[in-house]
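Across the two complexes that follow, chain A remains constant while its partner is chain B and subsequently chain C.
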Partner chain A sequence: MLEISNSFLFQTMLKSAVFLGLSAGMLGVFISYQRRSIEINALSAGSFVGTLLLFLLSSLGLSISPYIFSQVDKHIYSFTGSILGILIMITILNILYKTNRLHPHIIQSLMTAVLLGVGITLVTSIRQAGGALDSGIDVYLFGETTSLTDEEFYFLRIITVTVIVLLLLFFRRLRVVIFNVDIAKTSHFHTMFYVHLINVFVVCLVALSVKLMGVFLAVSIFLIPAVTARLWSNRLFTITLLSGFFGGLGGGIGAVIAGNISHVSSGISITIVLSIMFFISLLIAPYKGLLGVWLRGRK
Partner chain B sequence: MLRTYSSKEHLEQLNVAVKVENLTVEYNGRATLFNINLDIPSGVLMAVLGPNNSGKTTLLKTIAGINKPSAGNVYIYSRPTHALKNDIAYVPARNFVNWDFPINVYDLVLMGSYNRLKKVEIPGTKDRISAREALERVGLDTISKKSICDLSRGEKHRALIARALVQDARIYIMDEPMIAADEESINIIIDVLQELRHKKKTVIVSHYDFVTIPRYFDMVSLLNVRLIASGTTEDVLTEENFEKAYGMSAGMIKNIRLYMEESHARNK
Partner chain C sequence: MFSIEFEIVIVIILSAITCSIPGAFLVMRKNYYAADTTNRSAMLGIAVALIFSSYLSSPLVIILGSFTAGLAMILIKKLKDFTSFRAKGLSIIISSAFLCFGILIASNFSFNNATNFDLSIIYLGETAFTYFNRLRVFGVDIGSYALYAISLVLIINIVIIMIFYKEFKIDGVDKSYAASIEMKESTIDYLLLIMTSLSVSVSFQTAGIFMTSAFILGPAATALFYTKRLSTLAFVSVFISSIACLAGFGIAWPNEVSISGTIVSFIGILFIVSVLFSPEEGLLKKHFDNLTTQKRLEEYIIMDILNSEIIDCREKHINEELSSSLKWKLMKVSYIMNKLKAENKIEIVQDKVQLTEEGKSILNKFLSAQHCFH
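Moving on, here comes the complex of A and B:
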């Protein structure tokens, strides 16, 4: 165990999970109050399908022009596919929000179901065909912290630190924009700048979290810490800090478990740890926990 | 002694604070406002009245610069709305606010000072004093640490108005600030509106209760996608205009008129 814990790979894996948990937890608070929780599922599914399609296209290109396509690392395809998938998904969702009267949650759920269906069909086809592509697919289903390349880990560190710094720096204005966009507009804030800033963070963190957490569980690292933190406080700033703390702690413990127990993927272990934190908070949190509510009721 | 500007001549003497020219606003290809022309004098209390889906909120939001016109223009003190800074304080309708948002009353009210601050600047002592004064003005100073989700409906209205007061704007635009509020809250809100007019601020309020309009407001605009009439309450609140706006039968309007007269007599 000590040997594993001191290895470079394990250290990278642990740091990745902690950094991602910290930033996704903080961002998750803003996403949940924008009522975009289900959208994260749709974006994860978009990332999943984008990655698979670019994998397939790259293998097709490899058979047509081996020289050009063999020069590019397959991880570049996966990350580019992931980002493209999310961007296309955001565009489709925005078009659907504007062009019909369905509730956004219905649209998000519908798109998630459709894309997961497409994704699973693609996975089945790739598995049946076999070959080199088959080996990397499990990573996208349930996540694997060891799947990050050095470049992706470097990107993850830059993105997560940027997300944390900018969220804290623009906290006051972001709070107004999320509380009521009309008030923000009449206060002459550049509301679109803040909305797009959060969108950029979402695109980058979802693309990274799909690899670490898997397509089905990526949403948990954004939302479980935010919901857990809400049980402890009624002030947005405290909730944001607590959510980052829960996300980082859950990510770290989950990564340690996944690193030490074989056949446990990081997405599953991190989600289980975050869920345990949530249920403990539900019992003992002083603000909205069951014990706190009961004690206040007795007074 | 609630109203001060009762005559048409008096209103005409005032400068124009808000000028709406040929305004049309469309949503999903359907006009929610059509060809509105309206002058709102400076320093008056004006009500916007009309049935559901008549475009009251759309008009207020367009004047505030939140909605973009499909055609026409809005000028505030002769300048287009996008060129303004800190001139308009907007109070959204209670239903359009996320009351589960984790924030206490004091922090909500302090938000009114953010437009004066730079992007990353922290509110100073002056801003905090201003927030405390606004809280006292609306009678919420004793519950300033309370979470906004625990407020009553009337207190929610008052908290939103207090935030707008901290903004210290020249024009106040309020969307249904008294709907479903308790009597104490309505009285406090009316007092605040009168005080704003006393300070020569222009206040535009969408209001649901046409019975109380003659008591509280200097002028009224009656709306149903098109502007039916605008002017002093005596000129606008006529049977003919009501029939155009609400499509009500003459008998029903007569009953409303009787009720209004009785109500006025009681209030005198």
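Moving on, here comes the complex of A and C:
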């Protein structure tokens, strides 16, 4: 039933899912130790609104080249909009954390839902103005692997190589930064550089993963491989490598499933594969697994 | 019976009130992940119910939806004890797994496969469609089905809170005290769970499963800026949610955009406005407070120097003396001195600048309030 075909579209889809899983899985370990993994929900909602706003601008006729209003132009606009939306969202969230006595989690889940509401209002108003979004809202909500253009696919490859190289290069310093920023500040190196390095990777990868995985499930490819890897080992270096492996494997299997079955969008299949991997390793992992705990408790 | 707009507005307001009542207690107990988890994992139950029944307004949807929502929360609590992970991270994994399996079932195996039923009603909500599911008793039309279902859940919520109000209050404020008087924490947890999952699975038609968390958390988080009492917190959050519903419906209905999206963005606008302009904890109020306290502190410093007479207090070059010793600008010092003179806090006796009796008493009051000086 499931087969890997040789067509160009299918190969691109498979490669993009594997690359995204690899890089997002490796980065997700660092984010989950910084306790920021829920923030990605809010960031992806921000990128949704940013995409729609820039899409509105482009349909008003503010084109980059005035003579050719092509499909490529629209894609550039929407991708720029998503990155701008994430950047604005990070600033708003940071202001809200500092000035409120509310817990950060409440701000994140509230802003996610609110920005989603703004986005839905924009979508329905765009639909009324003219059939700009014929492809349906499901593409935005749950993702489509074929939605990556050529430029974005090149961007994804560059980002993947950069993430792998830089995370392994700065591994020892990043380890200090993610566990305790205050201790890192007392050591003699530039702390904020490493914090912003992680932030830049987050911005780029969230903007790509919103297109592949959808608004709601964008967080799952960051979080689930990292948590799964944390069940298997206690060393950070092993966890990072394992998490990249799990993310790439889950992304690949999910993309194959989504390509072969018609009713399933890619975000849903990738998340299902990743969560099945999580539950299996929750059972059989050697030290922290339920089976091992139960056996050791019986003796 | 009623006109169509009136009935829809009543359904929206009732569902918002139903969601905001457990939300106030959730915010009080700092149990934030419940709002996100319940409404995402309710999708599985709704999808399973759609296999057996043909339409969204059936009691099976509410029962199965609230059952899976509760199941997810209990699963998270059990897993949290076994592993070392935090509840919020586990809640995201489990709720997204439930959500994905629900969507898989709903899009492939359920009833809608034959009739091309639009699933985005479940995700995003379409309040206007609740009008078409009528409830009939002996062939007489007595109103829409959602009206009766929502008001039933609202009554259940109110009854639970009326009975257990004292326990909710004690458990929300001080958990260690609640444990010391041998109150069971788990009963309060399960009661809140029942309330939240019931109100989520009832009101997903109006707001959709993704935006219900704004209905739950938003009014309570906004109300926290205005009050600190628990009973008024519930009333203020109900008031805020009904305002947002009226305003959102008034804008969305004539322009034919999504009603639930407009209401949720109005809740967000109210939250941002109260972050900026709330009278007690707003950003603007804090900013101006900082400015005025700084200026007052400068006045007290100069008054303290004049009182202790460390420097030469002649009237001729008092300003230059102060500015050179404090390293402040001359303009600033003379401005503060003029202000003090106008307020009758200092006077000039025989070419010497002194504090008046009034100024001395003010300064002593300030110093006794600052414990660090003693």
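Basically, the second predicted complex is superposed on the first by the 274 of 299 C-alpha atoms of A that agree within 3 Å, B and C clash if a C-alpha of one lies under 4 Å from a C-alpha of the other, contacts with A are read in each partner's own complex, and residues count from 1 in each chain.
Everything that follows uses one rule, which is that a residue touches a chain if its C-beta (ideal position, glycine included) is under 8 Å from a C-beta of that chain, and two chains touch if they have at least 3 such contacts.
The shown structure was predicted, so the numbers you read here are calculated from the model rather than taken from an experiment.
*Asks:* Judging by the criteria at the top, classify the pair chain B and chain C on chain A as clash or fit.
*Replies:* When both complexes are placed onto chain A, chain B and chain C end up side by side without any clash.
*Asks:* Which partner chains sit in contact with A:I239 here, chain B, chain C, both or neither? Use first/second/both/neither.
*Replies:* A:I239: touches chain B, not chain C.
*Asks:* May I ask for the angle at the C-alpha centre of chain A between those of chain B and chain C, rounded to a multiple of 10 degrees?
*Replies:* In the superposed model, the angle at chain A is 70 degrees.
*Asks:* Quick check for you: in the superposed arrangement, does A:L9 touch first (chain B), second (chain C), both or neither?
*Replies:* A:L9 contacts neither chain B nor chain C.
*Asks:* Looking at chain A, which partner touches more of its residues: chain C or chain B?
*Replies:* C
*Asks:* Give one of first, second, both or neither to describe whether A:V176 is in contact with chain B, with chain C, with both, or with none.
*Replies:* After superposing on A, A:V176 lies in contact with chain B but is clear of chain C.
*Asks:* Have a look at where A:V227 lands relative to chain B and chain C in the superposition and call it first, second, both or neither.
*Replies:* second
*Asks:* Name the contact category of A:L110: first (chain B only), second (chain C only), both, or neither.
*Replies:* second
*Asks:* After lining up the shared chain so the two structures overlap, which partner does A:I280 touch, if you call chain B first and chain C second: first, second, both or neither?
*Replies:* Neither partner.
*Asks:* Check the residue A:L290 against both partner chains and state whether it touches chain B (first), chain C (second), both, or neither.
*Replies:* A:L290 sits against chain C, while chain B stays out of touch.
*Asks:* Based on the superposed arrangement, let me know which partner A:T186 touches: chain B (first), chain C (second), both, or neither?
*Replies:* In the superposed model, A:T186 contacts chain B only, not chain C.
*Asks:* Quick check: superposed on A, how many Å separate the nearest Cα atoms of chain B and chain C?
*Replies:* So the smallest C-alpha to C-alpha spacing between these two chains is 5 Å.
*Asks:* Return the residues of chain A at which the contacts from chain B and from chain C coincide.
*Replies:* 230
*Asks:* Which bits of chain B are touching chain A when the two form their complex?
*Replies:* That would be residues 61, 64-66, 84-86, 88-90, 92, 96-98, 101-104, 107-108, 111, 114-115, 117, 119-120, 122, 147, 149, 163, 167, 173 of chain B.
*Asks:* How about chain C: which of its residues touch chain A in the complex?
*Replies:* Of all residues in chain C, those touching chain A are 27, 30, 32-33, 35-36, 40, 79, 82-86, 88-90, 92-93, 96-97, 99-101, 103-104, 107-108, 119-120, 123-124, 210-214, 217-218, 221, 224, 252, 255-258, 260-265, 267-268, 271, 275, 281, 283, 286.
*Asks:* Residue numbers of chain A touching chain C in their complex, please.
*Replies:* Checking each residue of chain A against chain C gives 32, 35, 37-38, 41, 96, 99-103, 105-107, 109-121, 123-125, 128, 137-138, 141-142, 216-217, 219-220, 223-224, 227, 230-231, 263-264, 268, 271-272, 275, 278-279, 282, 288, 290, 293.
*Asks:* Can you list the chain A residues touching chain B in their complex?
*Replies:* Within the complex, chain A contacts chain B at residues 33, 169-170, 172-173, 175-176, 178-180, 182-183, 185-189, 230, 233-236, 239.
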